Amino acid sequence: MKFFSDNAATVHPRVWAAMAAADAPDHGYDGDALSRRLDAAFFDLFGQPATALWVATGTAANCLALAAMVPPWGGVVCHREAHIETDEGGAPGFYTHGAKLILAEGDAAKLTPDTITAAIAPIRDDVHRVQPHAISITQATEYGRVYTPDEVTAIGALAQARDLWLHMDGARFANAVAHLGCHPAAITVDAGVDALSFGMVKNGGMGAEAIVLFGEARETAMVDSIHRMRKRAGHLQSKGRYLAAQILALLDGDLWLENARAANQAAAELAAAAGERLIHPVESDEVFLVVDPAEAAALRAAGFDFYDWNPPAGAPGAVRLVTAWNSNPDHVAALARAIAAL
Amino acid sequence: MKFFSDNAATVHPRVWAAMAAADAPDHGYDGDALSRRLDAAFFDLFGQPATALWVATGTAANCLALAAMVPPWGGVVCHREAHIETDEGGAPGFYTHGAKLILAEGDAAKLTPDTITAAIAPIRDDVHRVQPHAISITQATEYGRVYTPDEVTAIGALAQARDLWLHMDGARFANAVAHLGCHPAAITVDAGVDALSFGMVKNGGMGAEAIVLFGEARETAMVDSIHRMRKRAGHLQSKGRYLAAQILALLDGDLWLENARAANQAAAELAAAAGERLIHPVESDEVFLVVDPAEAAALRAAGFDFYDWNPPAGAPGAVRLVTAWNSNPDHVAALARAIAAL
Amino acid sequence: MKFFSDNAATVHPRVWAAMAAADAPDHGYDGDALSRRLDAAFFDLFGQPATALWVATGTAANCLALAAMVPPWGGVVCHREAHIETDEGGAPGFYTHGAKLILAEGDAAKLTPDTITAAIAPIRDDVHRVQPHAISITQATEYGRVYTPDEVTAIGALAQARDLWLHMDGARFANAVAHLGCHPAAITVDAGVDALSFGMVKNGGMGAEAIVLFGEARETAMVDSIHRMRKRAGHLQSKGRYLAAQILALLDGDLWLENARAANQAAAELAAAAGERLIHPVESDEVFLVVDPAEAAALRAAGFDFYDWNPPAGAPGAVRLVTAWNSNPDHVAALARAIAAL
Amino acid sequence: MKFFSDNAATVHPRVWAAMAAADAPDHGYDGDALSRRLDAAFFDLFGQPATALWVATGTAANCLALAAMVPPWGGVVCHREAHIETDEGGAPGFYTHGAKLILAEGDAAKLTPDTITAAIAPIRDDVHRVQPHAISITQATEYGRVYTPDEVTAIGALAQARDLWLHMDGARFANAVAHLGCHPAAITVDAGVDALSFGMVKNGGMGAEAIVLFGEARETAMVDSIHRMRKRAGHLQSKGRYLAAQILALLDGDLWLENARAANQAAAELAAAAGERLIHPVESDEVFLVVDPAEAAALRAAGFDFYDWNPPAGAPGAVRLVTAWNSNPDHVAALARAIAAL
């Protein structure tokens, strides 16, 4: 009974079916019929013109977007616990040719206009200081917290006022939308987001994520440069139709939202059982609990697999539980009972 | 009837089956059981210890290997028509942080010890000159020509004498082995090749290639650095088991060789029909023909699709025909007839 | 009466004389007789074998040393207020091809084994996390504080235990030695420092700093790579003899120490006058004072020039005063009186 | 009697005097009064608005200009024997983050519209091919040949038609102007050159070159980016006034032209003596001669120092003689006699 990561989940049958349907000769790279449908599919979803590219991983999606937004001598404001800062093996430094991540604070890895301003206001505008060119926020955050439309809009307004691009790392974008029950545009294009890494792999896909550019971003040289950088990074797969098929399958009939709702629901069930142990409110598919080592061992002895996590100050220990689109309801119920019984 | 590229071919049924069989939860990234079998599978194939990593594309495979071999201030000797020089959108410059490709000559994009020496002998060893650190050869070459074991061995000896690493871009490695009928080790590890980009995508795979390190290369810090660079380039897919499955399926029962033989056989059939029109001897799955524009138009009017190519000096025009593991025998026969009838 | 920066001071007459004496034809780059004497001159100074290179700026010295120590996918631990983090326009990211600066804490910009450990202990050793490869400390720090031999030795021991290189940004190295009254080896080669940026420009030079490698660092490929990187960065000046001359002049007869003592003495005089206003103990040529805006205006009205600084929490304002090797004693005395009279 | 390189020459007395005159406190970096005069001084010289920056070396000047003109995924057309390709230790790859040098042909290292077109016309405009963004020509070339105003204008027209920037490596710009007797604008801003590396070090300077931007280049973000890149490369010297002083001294009263005329005159004297031995017409301060090894040894035995050079096909050997602003007339006459007597 695995609660390690949504990354480990299997591929949704409708994604498999779409990949199989793509198994006919077509133009290589992104010249095939499916890849050429991506822009329209995201336009339909967001209700605004969009330019979309597939890539294999969230790291590539994030870093290509950032590299298109910031020159090598510039900086990107992000939370000091953002995935791009802590878990991508230095990929932003590689893709941006050494641009700086300017670290900001915020509860549960959420930035606010105030914390962003605190990070950038002291940066004197001269050549000795790296200037910010973009802000990157994670939706849902690394602790499963969700930015509301108002919160994103406030950051978008700050970005606009400071002439900064706004990127959203949406590895769990679907979970955030499912939680909020809002239109996906309300936390992206309508809120000032210029580029979105729309996560698919954690949500029923196999190896395809989408970079989606909106508004001004898609009307600039950024579109050309991001295509060239994708090739230059070895991410322009020659059989791109199999990636496009995955993305289109997840968009079709809002399968992406259905999958995310299922994962969120499983996490909510665990959260309900956890009560006071919860470290963060559960708003997506991640559940962080205070659990001491003996309790963690007991859960593992009962057949539940999960990762330990850095506990909050003073807590005896903590764990992270992650559900997925296909979490087994019996396993979830069993884990909920086991937690409640600790 | 498409003869554009082996890239456009479909995925082999046994590859599909292996991917489907991998569709169960396992550890993420390359911690799964299939990924962990790669080293052993390539040891079996080559008869020598090997360290293998999957990546999605040949460009990434080539460039990660080169980046592990050459410092940013160094150079890699390659043919001036090598894929890494002409068709990878500057990826080697990206991955190596600006190392130089030192261009050498040779018929049909084949290097020889003499042409390599001609390129590097004049490079004075001081800090003003970029020093060579590696040689990269393509097997089969960009014109479908194959290095014999003796030819690779001679280059390997030069590499060793000059203290250079030797990389093989094996996008069509399978076709070369099928043509030569030799043991795969005879043109790689036994011939002095340190790193091989073992192509799978053109040969029945979907989106997985293997980087294979041999001998000294796999006993050095190169192994650690190439793993870290793969992550840093966003090429460490979280559901890596689907990539490992593709590679293992193609190795299993020598499916890779069977597929390549089929493609080579189809190309040989076209070559036999082409007679004097052949620009290069056909040794893999590519056929380059002198065809004037009117003839090309006639072939296209008859339903055959292919790319024009730069003609040799004095020729009225040229085309490239590429077969694949699943070239339809009727289509191949029809095209052979059409060529013969020109 | 300028107390802006030691950067603004003039060039020492003996440095001028040495440059004039170098004004004869000799080999270009660093093949001249003076450049070839650098290693021996630093061996004499430190009492240990040393490899030394001139470069024009402290930024280049720091970043070349770091780039020789850390791969692009690695990290360097430094204080979050270190000059390399805050004031070099992203140069470390450029030279290291995107390596990460791993930020640590400490009073007055001083690292300790504890704060370094706090920064690196949580870094799990896998490819998702950027691993530390080096530590960089500033002597004297950005707030003019000095590491004692014991303090450097403790950090050196940590570096050795963790297999990290240790770099010292010695833009004000001379001031630190002058303050400590110790042998220069006691805070460098004997304490575990592998590479030192030995500052000359703030201390009577014109445009030459020295990178000095010790011990293991100078016995490795690092020496070759740092020479090649210097050329590749456009820092191998063709008339290098004028840079070598500056360095040798400052080393000759311990002029570097004499100059630093003069600057420190002037700063001490200001510190003595400042009493409770001092933000940091004065150990080099920098004096940080709590001064409210009206007081600062009064000092400026009296003819004293200096920079405002970020005040400590709760303070009404702060300024930085910097002395130099040639601070005018009358100006210093006048400023001391003016501060005392505030 | 040294004819190694103009790099080895001493510093002109008026440059020394200007540096000494700058030896007073002023603002650091390029905030001093002299640095702030550079734009106006070059406006005066070229008769068109100019933006100028000092850097220490020609390599840095060339590479900063190129890095401002070409994205990492782009390319720069240059001659295959251009200094940036052969002698800068890979610096263009470093500064541009891996952009490609697209090599073109031409006699005596001179490009023409035809050879440039031959290099770039075959580059299909898709993401697999590195696209040209700039052209770089060397004036005078690596063989001392000079582009006439008409020749530069023709290349400038091609650059404009193809939407490419045009850079001029003017390490020996002064020698070219002296040879042509034209207005300096006639081979730069009026001919379509966007950025000039104006060499000073080979012509009486110590360690300062100027990057000069004209026209559209200076009205774009390039000006901001080149300033930031200079800092990021560690080339923003804190005592910049000593560099500005050198440049202003050489511009003052056209000392740069006077020095170049002297060097050219000395080279012409050698050329006149060389007769049939000349490999290239002598148009600047470099003289390339066919000399067999025994003859070279005889010249050296007579006290003349110079470098061997790669001989033309079939020639028994070759040497390069370089004069300078201060070539000793007696030495020149003696060498001319010795050559004539061979």
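Going in written order, the chains are labelled A, B, C and D, and every chain counts its residues from 1.
The rule is short, and it goes like this: a residue touches a chain if its C-beta (ideal position, glycine included) is under 8 Å from a C-beta of that chain, and two chains touch if they have at least 3 such contacts.
Model, not experiment: these values are computed from the prediction.
Looking at A-B and A-C side by side, the one with more C-beta contacts is A-B. Using the mean of the Cα atoms as each chain's centre, the chain most removed from subunit B is C. Rounded to whole angstrom units, the spacing between the C-alpha centres of subunit B and subunit C is 50. For this pair, subunit A with subunit B, the centres built from the Cα atoms lie 34 Å apart. Note: centroid distance subunit A to subunit C, computed from Cα atoms, is 42 Å.
Contacts with at least two other chains are made by residues 72-73, 88-90, 93-94, 97, 127-128, 228, 231-232, 236 of subunit D. Looking at the complex, you find that subunit C touches subunit B at residues 71-73, 97, 127-128, 225, 227-232, 236. Those residues of subunit A that touch subunit B in the complex are listed here as 2, 4-5, 7-11, 16, 20, 23-29, 55-61, 63-64, 88-91, 93-95, 201-202, 206-207, 228, 231-239, 242-243.
The residues of subunit D lying in touch with subunit B in their complex are 72-75, 86-90, 92-94, 96-100, 103, 122, 127-130, 310.
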